[in-house]
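Take a look at the structures listed below.
Look for chain A in each of the two complexes below; its partner is chain B in the first and chain C in the second.
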Partner chain A sequence: MLGVIADIKKDYIKKLLEEGKRLDGRGLDDYRPIEIKKDLYATAEGSALVSLGSTQVAVGVKMILGEPYSDMPNRGVLTTSAELGPLASPTFESGPPRPPAIELARVVDRGIRESGSIDTEKLCIVEGEQVWIVFLDIHVLDYDGNLFDASTLACISALLDAKMPKVEDGKAIYGERSGSLPIVDTPISTTYAKLGSAIAVDPHLEEEQVLDARLTITTTKKGEICAMQKGEGGAFTAEEVLNTIDRGIEKAKELRKLL
Partner chain B sequence: MKKDGVKLFVDGKRLDGRELDELRPIKMEVGVLKRADGSAYLEWGENKIIAACYGPREVHPRHMEEADKAIVRVRYNMAPFSVPDRKRPGPDRRSHEISKVTKEALESVVLTHLYPKTVVDVFIEVLQANAGTRCAGITAAALAMADAGIPMRDLISSCAAGKIEGKVAVDMMGAEDNFGDADLPLAISPQKKEVTLLQMDGNFTRKEFEEAFNMAMKGCLDVYEIQKQALLKKYEV
Partner chain C sequence: MRRLVIPGELVSKENKKMGTGVARKDGEIHSNQLGLLDEKENFVRVIPLSGGYNPKEIDFVIGVVSYVHNTFWKLDIASPYKSILPGGEFFRDLRGKERLRDILPIGSAVYVKIKEVTKSKGVFTTLKWRGATVLKGGFLIEISPSKVPRLIGKKDSMIDILRSESGCEILVGQNGVIWINGPVENMDLAIEAIRYIEANSHKRGLTDYVKNMLIEKRKNL
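Moving on, here comes the complex of A and B:
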């Protein structure tokens, strides 16, 4: 899904990283410029467009009334999906979601779900019968690396932007709004790429094409860890995992200020 | 899932009588299938899992082959009868993700450059599930690959730790997983102790994470010893 890159370029990127430098001049702990725009698509209950360097991700929140899960009769439901369509990269193809898109959606979903970001009890209309189902749809528009962090930022921004439709006689009235979604935490994900002995935050496309392994850490407002995912074929030492977590917890505090 | 009045400790012990740092009973057997190039059967607590390895063999479809190395493909699958409510057959999103991270965990130790233009196929079938199937699946898959004679730098051993009622514990069983506060599946290459799979969900403070991480790491090393015994047993005379 990533496309190919010459070995000579890989060696160059690795050499740079091990000297603490990067192709685009950033330091190992620097993100690319981040921009968050909200309230863009009026048909959605909430929306956001996040750019992370050249990576762009649009997220829309749609809410429909439906039945709760039987084991959580008084809670609303969250459903997250991601599309890596051919518009975003010459290496993406249309068709049903493949493992990279599924992994992306599930890692973002875990961050939001496990942080308790949405107070889902407030999404219950009639216990056991009717609750709000919140759909988070991640649409990648431009793929230049690090979709995890861009998507988590876009999702939480869209959730913060969302306005709940009014409910009357068990029906949703989409033209009228009844306040914001009950958002109680703002999880932030930080993704690190390991190449050789170097570990750098926010890999761009070329770094993602050559990295040995990646580690995503999602943290809550309180600085606790609510989701993690290691990816790709390489490995981390225990020390690298713990150091990277410390870096991620600190970095997330900075990113949270952008919301 | 939030617990409502479910107790996970009885008289200071876990529901199945274990201590916080105690693994469930694990049994492994290597070479259990005739047609596969390598195979392993594993019982881990109430989990029953069989894994098979085929290859290195020709890649189908062709476009997946790599000119300079072998590829590793993993299919993790749960039998419809492996869980209390019948699971719809075929891969769901969870299975796709587990297959992907399992493949990544395993391929890190395979000497793929020795067999260009081939595939090492690994199939993991969960026959009975009770929490921790991805760790058990990876552990069984590594055995099946070793049994198939796939050249590997190391085995892969896997174990999870988590948090139940605020306490960090290793190898959670079904009820603990459903009502627990956090889950941290880990896989390592045991000789270098490098992490080849790490996922986490729930809630850990930094300190709890380190405690759970160390506990899972120790669990992986215990699993490694059982794996070695299972491999040696096959070649006993």
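Moving on, here comes the complex of A and C:
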């Protein structure tokens, strides 16, 4: 595999995008085929495997009992982490998370946290002493671009799938379940890539390698924006941002039907 | 049909000439790789199913400039081994007047011949060879280097059909990097055909199938 991106490759992808075409024959507003599988891993409270074209992301939800933060004594805790292991791509290496993995985890976490997706007050067991800590572990299995959208979809699917363990005398019994997690909203993220003057949704690997700038918009059920992230060195004009947000909100409604 | 062998599998007990992918131990020949066994009366080799590119001195490859030094370019040739294009191996004599980074900046794609592979697997390439060129326009796609012989075909049969029926310029590097240039619709056609060949390289009658496929699809353009 070539490690350096040839200029002629970038020029060709740019030319195609500006004509409204893409390498894999999609339109600028089309996602690759999405498949969501739930309840795959028995040791996790909830799990999901999302494939977006050739990109594959597995997410597990793990819950343990712990202490709440002192400024939020009656709320459960959400922790999100992402791992880009060497299994997913020859460019990924094992070891402590690097900036791309940290960014991925933070953008996904922000979408779920700020949408108020989990009713964290219902995760409180004894105020100020004991609450549920929810771990969302994102494992990228196959990297073919657009990890943000695939991971957010996988996380929210895994949360919807999760069953809370029973609590007796301040101890969790993982063998027995006491209902689903209190999920009140389903945030959906849509990622747009800008190359030249063209803006396209769901960039695949080759587009992601050459894009000028990237914008991720996460929206709630009501169509409100709950998280945004702009990446890479290029720039969006104010008009482009507003346009892209409108496109993103519409697209998120379509994706939400898949959950 | 060729037999599928796995690494370590006994290939032959006779003393035969050995090609790639096999090793001799205690008078017996074993496979080194997962691949298809090519066994003749006095010769044996294993054709790998997949794997990286191992540079050879007769090969033409497509490389991308990854770094520019004062006197040479570093090329990425999709191989584990590092490759160099010395300034003196450019088409014309540069005489140190021009800076190499102005001639071929990082990201330039070149179709070069491998001139020398040293014992320590240092790869030296050259543009001073008939056919070698700097690539302008078009697009690069990558396939597994082990599928390249099928893409070219016997006596260039497959690549000739691809060129004539898709209406594109196509250059194939032995490292599995392929350069295609032409109108967008024709390039889509050529890419589709190459992907088909890559996925179905083991099938019989592939050349005729690809020819018919290209003729059919070209009608609809």
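Note that the second predicted complex is superposed on the first by the 256 of 259 C-alpha atoms of A that agree within 3 Å, B and C clash if a C-alpha of one lies under 4 Å from a C-alpha of the other, contacts with A are read in each partner's own complex, and residues count from 1 in each chain.
Definition applied: contacts are C-beta pairs under 8 Å (C-beta built on N, C-alpha and C of every residue); 3 or more make two chains touch, one makes a residue touch a chain.
Since the model is a prediction, treat every value here as computed from it, not as a measurement.
In the superposition on chain A, A:G234 contacts chain B only, with no contact to chain C. With both complexes superposed, B is the one of chain B and chain C in contact with more chain A residues. By the touch criterion defined above, A:I8 reaches chain C but does not reach chain B. In the overlay built on the shared chain, the residue A:C226 is in contact with chain B alone; chain C does not reach it.
In the superposed model, A:L16 lies in contact with chain C only, and not with chain B. Touch criterion met: A:L215 reaches chain B, while chain C stays clear of it.
Shared-chain residue A:E114: touches chain B; no touch with chain C.
Contact with chain B, but none with chain C, is seen for A:L242 once the two complexes are overlaid on the shared chain. Of the two partner chains placed by superposition, A:E83 touches none, neither chain B nor chain C. Considering their complex, residues 71-72, 97, 99-100, 102-103, 105-106, 110, 113-115, 213, 215, 220, 223-238, 240-242, 245-246, 249 of chain A touch chain B. Per the touch definition, chain C reaches chain A in the complex via residues 64-66, 76, 78, 105-109, 135-140, 142, 177, 184, 188.
Of all residues in chain B, only 1-2, 93-94, 96-97, 99-101, 104, 107-108, 184, 188-189, 192-206, 209-210, 213-214, 217 touch chain A in the complex they form. Only residues 1-12, 15-16, 19, 21, 25 of chain A touch chain C when the two sit together in their complex.
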